[in-house]
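Labels run A, B, C, D, E and F following the written order; every chain starts at residue 1.
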Amino acid sequence: MIIDVHGHVSAPSELYAYKAGLLSHRGAHGRGGAGISDDQLRAALEAPNPSFGNQSHLAHLDEAGVDLQLISPRPYQMMHSESPAKLVEWFTAETNDVIARVCALVPGRFRGIAGLPQSMERSPADWVAELRRCVQELGFVGATFNPDPYEGTQQPPNLGDRFWYPVWEALCELDVPALIHSAGCRAPARETYSLHFIQEETLAVVGLLNSGVLTDFPDLKIIVSHGGGAIPYQRGRFQPGAIRGGGRFEDRLRRLYYDTCLYTQDSIELLLRAVGVDRCLFGTEKPGTGSVRDPGTGRWIDDIHHLITDIDWLTAGERKQLMETNARELFRL
Amino acid sequence: MIIDVHGHVSAPSELYAYKAGLLSHRGAHGRGGAGISDDQLRAALEAPNPSFGNQSHLAHLDEAGVDLQLISPRPYQMMHSESPAKLVEWFTAETNDVIARVCALVPGRFRGIAGLPQSMERSPADWVAELRRCVQELGFVGATFNPDPYEGTQQPPNLGDRFWYPVWEALCELDVPALIHSAGCRAPARETYSLHFIQEETLAVVGLLNSGVLTDFPDLKIIVSHGGGAIPYQRGRFQPGAIRGGGRFEDRLRRLYYDTCLYTQDSIELLLRAVGVDRCLFGTEKPGTGSVRDPGTGRWIDDIHHLITDIDWLTAGERKQLMETNARELFRL
Amino acid sequence: MIIDVHGHVSAPSELYAYKAGLLSHRGAHGRGGAGISDDQLRAALEAPNPSFGNQSHLAHLDEAGVDLQLISPRPYQMMHSESPAKLVEWFTAETNDVIARVCALVPGRFRGIAGLPQSMERSPADWVAELRRCVQELGFVGATFNPDPYEGTQQPPNLGDRFWYPVWEALCELDVPALIHSAGCRAPARETYSLHFIQEETLAVVGLLNSGVLTDFPDLKIIVSHGGGAIPYQRGRFQPGAIRGGGRFEDRLRRLYYDTCLYTQDSIELLLRAVGVDRCLFGTEKPGTGSVRDPGTGRWIDDIHHLITDIDWLTAGERKQLMETNARELFRL
Amino acid sequence: MIIDVHGHVSAPSELYAYKAGLLSHRGAHGRGGAGISDDQLRAALEAPNPSFGNQSHLAHLDEAGVDLQLISPRPYQMMHSESPAKLVEWFTAETNDVIARVCALVPGRFRGIAGLPQSMERSPADWVAELRRCVQELGFVGATFNPDPYEGTQQPPNLGDRFWYPVWEALCELDVPALIHSAGCRAPARETYSLHFIQEETLAVVGLLNSGVLTDFPDLKIIVSHGGGAIPYQRGRFQPGAIRGGGRFEDRLRRLYYDTCLYTQDSIELLLRAVGVDRCLFGTEKPGTGSVRDPGTGRWIDDIHHLITDIDWLTAGERKQLMETNARELFRL
Amino acid sequence: MIIDVHGHVSAPSELYAYKAGLLSHRGAHGRGGAGISDDQLRAALEAPNPSFGNQSHLAHLDEAGVDLQLISPRPYQMMHSESPAKLVEWFTAETNDVIARVCALVPGRFRGIAGLPQSMERSPADWVAELRRCVQELGFVGATFNPDPYEGTQQPPNLGDRFWYPVWEALCELDVPALIHSAGCRAPARETYSLHFIQEETLAVVGLLNSGVLTDFPDLKIIVSHGGGAIPYQRGRFQPGAIRGGGRFEDRLRRLYYDTCLYTQDSIELLLRAVGVDRCLFGTEKPGTGSVRDPGTGRWIDDIHHLITDIDWLTAGERKQLMETNARELFRL
Amino acid sequence: MIIDVHGHVSAPSELYAYKAGLLSHRGAHGRGGAGISDDQLRAALEAPNPSFGNQSHLAHLDEAGVDLQLISPRPYQMMHSESPAKLVEWFTAETNDVIARVCALVPGRFRGIAGLPQSMERSPADWVAELRRCVQELGFVGATFNPDPYEGTQQPPNLGDRFWYPVWEALCELDVPALIHSAGCRAPARETYSLHFIQEETLAVVGLLNSGVLTDFPDLKIIVSHGGGAIPYQRGRFQPGAIRGGGRFEDRLRRLYYDTCLYTQDSIELLLRAVGVDRCLFGTEKPGTGSVRDPGTGRWIDDIHHLITDIDWLTAGERKQLMETNARELFRL
């Protein structure tokens, strides 16, 4: 069985037209709703999608052999930096509702990962209600967490700061993992949202490992998307500090989890060796940015299962850990 | 024949999902497109619309006897204050293209009024290219003009300022009128986009009349939406200044045009008397905010044609002027 | 008997020279005082005034048949946005004192309406002491209230916000009405102080009606100056929302009072019909902006009593209500 | 004969009421005027003034034996930091006109020193027109110059900066001296306007002496008010730098002129010794801040002529230089 | 015996290289230390110093006959405006430690005056721990106090503000005096750090005397460096206000102490006469800015002992007070 | 022969004490100089250094077999964000001079890489003079280039922006390579300077590859420090975009050069495979952050030569390319 921990929901245009409306009336029309029918939901999953190589979400999963995918909101749509906060709250709830309906519509194929309404006009303690709703009422098994709710418009507190503690507390209390994944990125930041993912993951790993968070929350389960940003590749840079502190950086690194959402085999291998197979989870972000066929190989760029299959030094046990067991344990699936 | 100069296009969800995407990737995915089919376009015109009392755009026009409607983008969706400027440019062009297709799809029923890509990161001189494209290539007959492209986030130059002259120049050169109509409204402004329309129209009338614009551009044709904001009602307040300057305020007021988009008969009567029937144009913004049935009368709130019919002191000639001839002459229809 | 609820004090130059001094030394000279003699006070009421068509304040009232005028500070002089706050406090108190002395100097002709020291460097709760002093010690019968103490330099909270509650509480406790009337207007706002009055009144009406203020303070008596800004004329625009909420906008409008300070008869008629004669009070702002003779009619522009006399559909009872009884009841005169 | 180079005009309340009006309408009423009669002007000079120990301006001069006083605007009233710039321009011109009328009203007793409309919304090159008007049309003999037109609200360029060169050029071309004298002082600056004078004079002396200004404008004549701020007293502090540069600081200091507006004899003596009698001019700022009787001596605090008389080491020739000749030469009287 | 209350430590380059490192890594390398050996410390005191006329610190003291010098950190190095606060804290402590070691290294020659870690990211209450450490553990006898920890980058609270009270409280509790002495000065301020000293001292004297500080803390002992900035020279300016308040400014001035760090004899004489010999303390800032030989006299500019010797009207008793007894009493030496 | 392209000068404390002084007086003392003797320079190279494992710079090079090291300023000391600009200019020149003297002192062992005075208060065109001086007068062979001269305090233009073109032009004209290497990092940025290196390198690679820089400057030679930040590891993420654009990302990557300054063998292997051996240069940053012995292996963390030796799949020719020839060709050594 293959479990993919890093998928994003494919939703109909109506969800995003609803978002566009919120951004236009800024709440003057009230919350309203996207008014999505089950047929529209199903079509969004089953119809060939021009953004994803003209193949449908479900066909992508079938082709890759993914049995169960954990799906969260499309991060770059989450608009955490928009104002007033209620827009973020309404749209996040609407999206989580869509995810719950998708899970119900295709039984056994999906589990929900919640988006949080991370408006900085509210306190992190306020974001937690939606997390509770998703886990306790909608049956979700985790949440995404954006370390930069300002989306590049200004600098948030470092991830090691006590500012974020209410989220860690709630995650521990509900016993669900968080997937670190930033959302959009705007000026004056210099990068696209996609490169911002990497930059924020790099900052997140160092911010967490150099702080008291993992000591204060020993049960906190954090998965860093996209193989941990720059850190596994640059990990040697942090060894001198760790040695001076009387430890080793590889031990610190293993306090977190990482998904395999990297599109080259050597990078995945480096990750597995740097942090250990037991700290890695199969994740594809499929269908998504990588759903383009490589003309050289004919494969989809995001065919990460092929890249893993091609790693000859993995044992069968490790492969199963990576593709299934780690996720099963971490998410209690 | 009835010509309604103030209509906004009814477009499918895909247009607004496209906008939501632009705001999410901030241009990183390139311009792309909304990918709207003719069927979707037609459905947006013909299907009962829950936002508009469950009646379709065309049914609304039919019921009101509107033969020809001038349609522009939905103002509150125009997002002039978004960044970077290319988002505004792409979405404006995409919307204008949808308008052109709608005009072609239902021949004789619609004419286009252009939206302009009024990003303040660009100069007004840069906005004009899209105006030219719409008039010269798409056959549009006018444009909307937003006096507050900052959408409430900061104060723009007064409408009498030379800052805006490139737009006046282009309008005169192309010989098309502009319809003053603001777009969205955001914090820290205190009002909804809908009340912002009124506030901006009030400022626009005074800004234009107290400046050299109408002297410097004697051929400029400006229509102020929603009956001129507060000014016709408050016009007595400006009489003392006009008298001190050796004139009368009612003469100044008649340098502009006004639409009848007011939902009470006494207001329309006041407007007609204040500025003259020859300065007024039939406009309904239908279907739109006013497409709700009044439980007292059973009429749609935006049934402005009924309100005008009920004005007993209008002559048949005046009525025709108002409902047709003024628009025909001003827009050269 | 005619009661004019909207008059502003005519004070000698010394009051404004005092203000100029405060703005120059910013408090370094201490509070001091304007040092106005009774002769100077009397001259300011009785001498022909070049700003008001070379006719004195009292002559204006006599000519218009005003028996009793409620007088408040000249709003555009109130300088709420100046710093430090004590300047605002000192000048407001000095002005209120002048008003009290004027009332005493011409017994039976005037009653005082307090200015409040609305510096945003203080809390609204701090403004209330001066209101109490004016009502309890000086015998004033109401207060002016400026919804924009920033005077156009930045955006204050919406009038529906709890920020302003301490003022509403004190007004209810003292059982006196407030006259909504903004003060000065500075850059970056685009309008003169006079147009700012209208814009702020428009915002004030909507801000109050769309909030819980009138529910939380059922005894609050608010009069909106200048006929309510744009709202009576634009009231149809708010009907759809009211209907969706299960009511009618005309009922909401009647929760407030409006003065007749509009200089055209049709506008006054529209106002009376829109909100009801029982919600309107005779107010002229005389002598003031409108104290210019119309060369066409020979009347003063602010001869609002003539405009009302010319409304043929008002009954004698309604006329009395408008010119006297409503004010008498509201202000407990 | 005694010439006092540092006097400020005593103007009637109407001038400051006019200023208060400008600050209230921010230009919306147009320039208008203070409407001051000759009687009012004369009263302002001849009537006992409560701000100045209940003695009139002329009586103060008579008592001190001042034959000729150079009068400029009251600095703390000059409001250079107010916006828009036209307010500053209008009020400055109105004040200069009052000065010219005072000079004409009491022939031979006064000569005018111009105020400049130093709004930072304009360029220094724009201020110069008023200087020209005052010198060429009104017969003024010099100008005041404020090194901090922001009046404490932000930091202007250093006085050595090329920013100010247009003023130096015009002063040289017209061959008139400038009296360095700041105007008001507002938050966030921590000092009153009066202490700000001292701080700005300290900065001005160092700013000029450490720059190329006096080399680039060898004919520039600058008088620093109030005895040069802190510098004569602190001059030793600048000797090491001067010595390192191959000169002596006392020689640099003598490139400027200083008035004697200090209210203690030892300070005046220190000044005379530090910069030389030939660099000092008799100046009293009388009547003004110092027009209070010292209960110990019975003298007015600003009786600087007594302080100078009491200096026993001055020769008759030096005394005459100080009280008359230096001023006569510098101002070409 | 001669006691010099105003000296600054001469420290080896390593201390400032340590500071440069802190500013480069901003704390990333941890606190570390300057790693200064006793030999380096001794060399910094005994080796001829090119910054100080190629004479060593101790030779300067010997030549001037200074028996005991109170030494504090070099003010312009104190970097109070740098961020984060821990840099200021670490560097201040390191510098105070160097001072303590210098005191121990040359027994009987020096006593320590503490620098405080005046970061505005912390509260004044947080600065006090280092004061306690220096007095209670290192045996220091006083502290320097910078009234502008922003170092010219923005305006701090006035020195009379309650903001600073925690420092006054601690000084009283520990019964040690504070020497007012600003630190660096940066843009947008217009002056060098050295002129900033004078400006800040001027503000400090007025700020303290015009506030309740000296009433609230009757035992507070404040010494103003450099002879009190501008105030003794400009003291007449403050007499009218004092007289109006029923006192005399010279009495107020005597609530503070002043050092003699002025490099001209007449200035020192003026100071002594203005505030009284009993309020003055011998202070030289030697070696420092003034350690340049005057080519005219051959003396060091900072040879203040010569200037005092040259004052012929001082009695032997006064001279001893000034050079020794006042310091002994104030600092309890 | 081994050439290390990434070394930083080891300078005596006096250089950094000089920097500390500049930051304290902000230029008020003039440029001055660090006053470093040849003995001090030599000691800085030859004495055991506690920051580098108590081994000297030269001993580190000897032990690692480095024959020639290209040395540039210590990046974290470069203070590009300090103000005024002349501080940056003076310190940069002083540091480059030290580098030139070090090169001369140990003939044949070092070549200079220039620091540029990258103050954003100047234009990049102004930085180029120092580059010219270093190459043409001091014989330097390249330059470091900081893509974030704001050092984390605000966002600079993207590296693809035309803003930076003057630097590229000068590099091409002088035909020397630039080593991308950021300097310090301050709040509000969340990372240390060391992690900032990685973040800025990530941005730099994408900024350059997604712009027209390498087309506009086909001869530009850019080396990205620390193995290109995150990009080689994350390169798969950029493949879909490249494929859509009709190319492959690995070809784009090969337009730049990368050093091997990574402290784990697998990372270096990944780099070599991702970009090709011909695009990589041996670089150690030795002695520096990595000069700590790994207790597990006994090796210095920055013993990159060992890591490369351990890569078994490199041919002798490739090894020579990497360790010598590529550098020789790129830098024309």
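In this section, a contact is a pair of C-beta atoms (placed from the backbone, for glycine too) under 8 Å apart; a residue touches a chain by one contact, two chains touch by 3 or more.
What you see is a predicted model, and the numbers here were worked out from it, not measured in a lab.
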| item | value |
| --- | --- |
| Chains contacting each of chain B and chain D, listed by label | C |
| Copies chain A and chain D - rotation angle from C-alpha fit, nearest 5 degrees | 180 |
| Chain located farthest away, centre of chain E as origin (C-alpha) | B |
| Comparison of E-F and A-F (more C-beta pairs in contact) | A-F |
| Chain whose Cα centroid lies at the greatest distance from that of chain F | C |
| Centre-to-centre distance between chain F and chain E (centres being mean Cα positions), rounded to whole Å | 43 |
| Length of the line joining the C-alpha centres of chain A and chain E, rounded to whole Å | 57 |
| For chain D paired with chain E, centre-to-centre distance based on mean C-alpha positions, whole Å | 35 |
| Two or more partner chains touched - positions in chain D | 187, 194 |
| Graph class of chain-chain contacts, one of line, ring, star, complete, other | ring |
| Cyclic ordering of chains (reference chain B, direction chain C) | B, C, D, E, F, A |
| Complex interface listing, chain D residues touching chain C | 12-17, 19-21, 23-26, 28, 35, 50, 74, 76-77, 79, 83-84, 184-187, 192-194 |
| Partner chain A, residues of chain F touching it in the complex | 154-158, 187-191, 194-195, 198-199, 202-203, 206-207, 226-227, 229-230, 232-237, 239-240, 243-244, 248, 262-264, 266-267, 269-270, 273-274, 289-292, 294-296, 301 |
